[in-house]
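Next come two complexes built around chain A: one with chain B, the other with chain C.
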Partner chain A sequence: MNTSMQEKVGGREFTSIFLIAVGMKLSDITTTILFESGQTAGWMIPLLSLAFMLVAYVVLMSVLKRRAGQGLPEIVFTVGGKFGGGLICLLLFAAALLMTAVTSRGYVDIINVMVYQQSPLYALYLMLMAAAFYVASRGFAAIARVSWMLIFLIEGAIVLLVSIMWEDIDWMRLYPWAGPGVLEIVRTGFMHSAMFGEIILATALVPQVTTFKAFRIGSVVGFIVSSLKISFLMAVYLSVFDYPEIIHIAYPFQQLTKNTSFGRVFTHAESFFIGFWLIISVIYFAFYIYLLAYLFGHALRTDRYQKLLLPMAGLVVFIGLIPGNTEQVRSYWELLISYSTVLYGALPFVIWLLDWNWRRRHAKT
Partner chain B sequence: MRKLKLALILPLLFTAGCWDHLELEEQAFVVVVGLDKGPKNTVEVTFQIANPQKGSSDIGTAENEPPSDTVRFTSPDVLSAKDLANTVVTRTISFAHLKTMVVHEALARDEAFPHIAGAAIRDPELRREVALIVSREKAYDFIQKNRPRLETRPHKYFELMQQRWQETGYVPFSTLNQYLQQQVVDSMFLAIYATTDSKDYRVSRHEDNYLAGQVPKRSGDTVQMMGAAVFQNGCMIGTLTGQQMRWAQLLRHKSSISSFITSFTDPLDDRAMVTVRLFKNGRTKIQLNLAKEKPDIRVTMPLRAQILSFTSLQPYATDTEKQMLLERHLKEEIEKEVLGVIRMSQRKFQGDPFEWELIARKHFRTMPAFQAYGWSRHFKKANAEVNVDLRIENFGKQRTPYSEKVNGSD
Partner chain C sequence: MTTQTDGKTELSTRLSANLDRIKRDFAYPSNEALIIRNLVVASLKCDAAVLYLEGTADVNEIEKRIIEPLIERTNTSFKNGNPLDAVRLEIVTHRTGKTASTFDAINEGLLNGWTIVLIEGVNQALKFETRGFETRQVSEPIVEHVIRGPKEAFTESAAINRSLVRKYLRDRHLVAETLNVGDRSVSEVTIMYVKDLADPNIVDSIKQRIRAVRTDAVLTLPVLEQYLDDHPYSLVPSSLNTERPDRASAFLLEGHVILLMENSPAALVLPITIWSLLHSAEDHYMRWAYSNFMRIIRLLALFVAVMTPSMYIAVATFHEEMIPTDLLLAIAATREKVPFPALLEVLLMEFAFELVREAAIRVPNVIGPTIGIVGALILGQAAVEANIISPILVVIVAMTGISSFTIPEPSLNFAVRITRFILLIMGAFMGFFGIALVVACLLAYLTTYSSYGVPFLSPLTPHYRSSADMILRMPVHKERMRPLNLNPQDSVRRPERIKKR
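After this line comes the complex of A and B, so read on.
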């Protein structure tokens, strides 16, 4: 790779990217969809999903460990040949692209419904993606640095939000603890494990991180802390709004911020949280656009993937504008998650098999 | 190139808020919304719009303007009334500072009310933290007659009243959030009951055994807020008096009130009353035994009491035996009253206004199993048992009453 040493990213910056990119899921449509099938046990699903994804991750890491310094695209091209490698890269790219398009549309919907009701959707979308493109065009190191700069403020804001709402929390609302039944919870957790699919995609970025150890610790810590965060916040939503009511609420995070106030003087504290949330969504999508360009660039075996950032941002907007309304976005998301689960879950095993096959062949010769 | 970039980015600064721009000067802030039943499935929506110039330093230009204006419209729902209001009001109607919603009792009892409230909440401007008040007369009349003399600005009135509600416990602290929550579960929702119409007032020995409108009050503001409107599945089905409301608050496992003043009969003198300040001394414990068809409910209510006054002038403070008598008497009185509230909700309302549904949920592993059990169905038949854990803390700043002679052997 021709990325110079200066552009490499340290462990803590790398961790904070995931704390932001994955932790963001606590504020979007992911949570409401999980409550629908998880009922009062919905908060356990992120933990279970991550546990399933970690199995795939461990298998993939066993391959990556043997080829230190190489990212996922380099490895699949080595073990899968030109065709196999290209196919896997394109599959991952397609999954990531659709996911980014649907998620970003979900965010634009939230902005549209909760904050700017009279602004046209495309205008909001263009503004969000333009900002994300601008951050992404500064490179991976810039995204990482910005994440590291903001991470404490963001986590602080979440702690503040929960402590303001502490009075309204009634943990009794988490009962009955098993929700729809243990089996159902495990099944939903497995079905939605693609919500942590980034942990597989992230392995493409190994060459961008200073050491392999920093990558391993960064990704594991980032994902585990994020899933704990999502799970905790979901428990908070549940104990504030109660079970049958929570599924009526379209955006629990934004609803929660609407209920906050700092004392009797500042009664509308939501603008403070929404402001924070908008800044983080820009970083979140900047990371995604960068990842898309990086994956596609590698599928085409070019190093000039930076040039692909703008087309990627545009593509996301075009695909994202396809769903007609907010409920369609939800059903597309649900569909996509179940298909991506198959992809992210099976891919590490396929790569491991290919690698095993490659090693056997090369051991003979 | 750099200049070109700058030229592209700079105009963005001026486009901010093109579509959703709001001019502070052009907004009319609604502080109270009133809902009445209209003809042909419509609602009569009343807006009380605050005049921000009143009570501010800008008063000079608006000397003759009233502190608020009230307008009423008949429309299919709350949100369409918002635009309709602009046929009269010069500024854009905004719910951003809406704190209170007043509903006429007749509408609250109507089957259409859950639909109206559920439809209104879709507007992101309407907060779930809006306080819900049920008025005995038409909401329009309530808002018209509510002209607090000591508070010029209408939003301040409800803001301060909310603080008092939490202290006295005469009314539940009810928000739209709780209404929507309890519409879909087995618990019943309690809303603030109020009226401006105090025609049938009566005098009770207990100063808190009133419903709004019955409080013996002769002058002052017309609005009375006392007692609760009981809702089941989103429709109002009955009322609780201020006294019953207080006990209901204490029976909930998480109540907002921590202390209140109330009175009981004197154990040694039938005509006299003992006034005490009761404190919650920890959380009320509720034990359920759901194994039987008729479930057992065991309530343990820890309370602390400060004796404020007793008209019998008995030497309770210094006489240990009489002290114990008083303590036992108060305990029994409270237990009787609390049990009365539970029995009443079992028979009259046939449902549970104490949020014990949450405690019952703990006994089940899965949600479908709990829903199949049907808590309100079993609550009706339950055997309730109340145990008050009362401790008298002090007797105020006078030790001996005046009737007692110094060194007397009374």
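After this line comes the complex of A and C, so read on.
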């Protein structure tokens, strides 16, 4: 492995990877599930979830700032000791693994249902994960650099998609704006805040970024812009498809692209968008496989986490193949989100307390 | 023969012994190339011998500047007492003159066209640079044509090539260092760089690689290129050949390093990025709008050359809804008569096209035009009429072929053509899904590929400050920065533009 593969990642590249890793949620099963509980106010949920997650993020950042250059695993091992650190790392790893497995299964379902009905699910799954594994094996730098290369094209494609669909949008469909009621929305928003769990997981990658400032700006910009984007796109889905039809549409993003056309000649432009979406999915899962290997490697306290990429990719496929159908995927997703909300929400406070305790102890001696 | 072991021996003071030794080294009586001219230095009253290798040295120069003065000069009072110095400084009128004290140095000199003068009673020899290898004149570039701009190309003589570079780049910091490669036939490699621009680490690493080459002979630059390459199995080239001295000089000014070799009518530019491969020599000779127009066309051509056949297959097999209905019906009507699956059709046609291309390079010039007739008529028209392929495919393969001709760099051209087949297979196998997976992997590969330590897609990604001379370029006065991915010692090309009036 040459030096350029192990180079650190700059601010631009890092911001783009987060714009992709978080922004991808606008195209998967997340949106449909949010509409089910949020109804016409579903599009507000990402904003509320982000607000809740930001609190946890700020607490965690206060610890990270004090320990410059250290990532989450290094910190939890310092403040939590060998046992506590290992436990936290493994918990995070488990949450991330299950989430990746369920999400990737969701993606493969989309590919299977929307485009390749005749191809066997496991074959599609294997191919997607093989490509993601290859990208991840080129290192975090590869993932981030490809993201930076593509980010303008991706955002451009989204703008293009919305502008093509603009005449089908009826903003009146957003009413009643409070959906099932303000309190219910806030509760749902809180319960689903784990969908921005990356904000906590990403702090593991601090040592891979050139400066802490670049990390802070990258993550904040990435998360805020992505949640605004998800929220806006959800509002677009809602105002194109209307409620309650929207909850019967399994994949609103793909459905939206199916309705696109470039003028009268090219009446079906969906493959153009799907192609783009597939490239980004590979990058997205490459990022997750890398993150999984990184977390697990640190839980085992080894630096050779690159060797874990292949087992991780395999593990994701094995777990992802467990759910029998899309409905099961959704229920697993719901279940996971509620549990991981507790984990991601509580963890920063636990780490903060441990850190506080550590500092108090070390101040004495 | 110069072997490392017996060549190190020192010269003796006896002329005949020295001559015997050299004769033995060059297998003298049977090898008629070694020319020995015995003479008496008139003014010193001592025996001497002039030696050179036939075909390597300029005979007129030897006669006029070396042999004539040695024999005709009769003045006997010299300032220098040492006969060697007397000959070198006061008798011979040749512009060069060095002493050599080992047979190794003498033999190497002879092989490189130097003339050796041996004098009785002196345990050193004199050598004079009288190189007279046959070379051709500086001619027009064959591969890198331009409409505007200089029309000189490198030739097979390294000395002429160095002089061409110096003619364009008159900078006292332009350094030309010479290294030797090859154990049996020693070739000189000239490494040129601008001392206060090029990153010393890059220069050192290249020099180390050249020194590390251990083989009997490296005759030309393309072979050396492969010895230096970090990724010998990669599709992506890690250095660039240019036959244009102006282009080589432009690269030097950005902080690149160039290598020149005897017998190679090109300069090897290292390290490179994908942008160096995509840009043509002419891009900076045209005005801003014109050159950007050319670049956009070439970029589109690159995409067409890489993607079209695989896209066609993917659309025709998996995503028919993308084609406008009328066109779809037209394609279906022509495809109806063709018995083969689309993939086989494309592969057949691509194979035929690659055949024509390869044949056109190998065929003697005299029968060149036949290839065009056979290619166009038989492979295009007749194949369609015989229902072996459909007409749309001729259009697609022709488009792809023409597009791939616009790629200015031959190595990149090969990379593109091979990549096209990979994409083609994946497109036929899994449609856009397959293509997307390969594209993602390709991008990941390219972003982490590096040429001599410089990331291949930099300064785009990873991002470095530069003049953004990548896909498009800015007007010349705004190109103030050297690309920082090469880590130049001086990053500013020109100061801020002074506001006029």
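Side notes on the structure shown:
The rule is short, and it goes like this: the second predicted complex is superposed on the first by the 359 of 365 C-alpha atoms of A that agree within 3 Å, B and C clash if a C-alpha of one lies under 4 Å from a C-alpha of the other, contacts with A are read in each partner's own complex, and residues count from 1 in each chain.
What we mean here is this: contacts are C-beta pairs under 8 Å (C-beta built on N, C-alpha and C of every residue); 3 or more make two chains touch, one makes a residue touch a chain.
Just so it is clear, the structure is predicted and the values come from calculations on it, not from any experiment.
Touch criterion not met for A:364: it reaches neither chain B nor chain C.
Shared-chain residue A:268: touches chain B and chain C both. After overlaying the two complexes on the shared chain, residue contacts for A:244 are found with chain B alone; chain C is out of touch. Once the two complexes are laid over each other on the shared chain, residue contacts for A:113 go to chain B alone; chain C is not touched. When the two complexes are superposed, the chain touching more residues of chain A, out of chain B and chain C, is C. Residue contacts after overlaying the shared chain place A:255 against chain B, while chain C stays out of touching range.
In the superposed model, A:141 lies in contact with chain C only, and not with chain B. By the touch criterion defined above, A:304 lies against neither chain B nor chain C after alignment on the C-alpha atoms of chain A. Looking at the shared chain after the overlay, A:173 reaches chain B, while chain C stays out of its contact range. Common to the chain B and chain C contact sets on chain A are residues 115-116, 119, 268. Residues 39-40, 113-120, 123, 170, 172-173, 175-181, 241-245, 248, 255, 258-259, 264, 268 of chain A touch chain B in their complex. Against chain A, in their complex, chain C makes its touches with residues 230, 315, 318-319, 321-322, 324-325, 430-441, 443-445, 447-450, 453, 455, 457, 460-463.
Chain B meets chain A in the complex at residues 18-20, 96, 124, 127-129, 159, 177, 180-181, 184-185, 253-254, 358-359, 361-362, 364-370.
Considering their complex, residues 2-5, 7, 9-10, 12-13, 111, 115-116, 119, 124, 127-128, 130-131, 134-135, 138-139, 141-143, 145-146, 148-150, 265-272, 274-276, 278-279, 282-283, 286 of chain A touch chain C.
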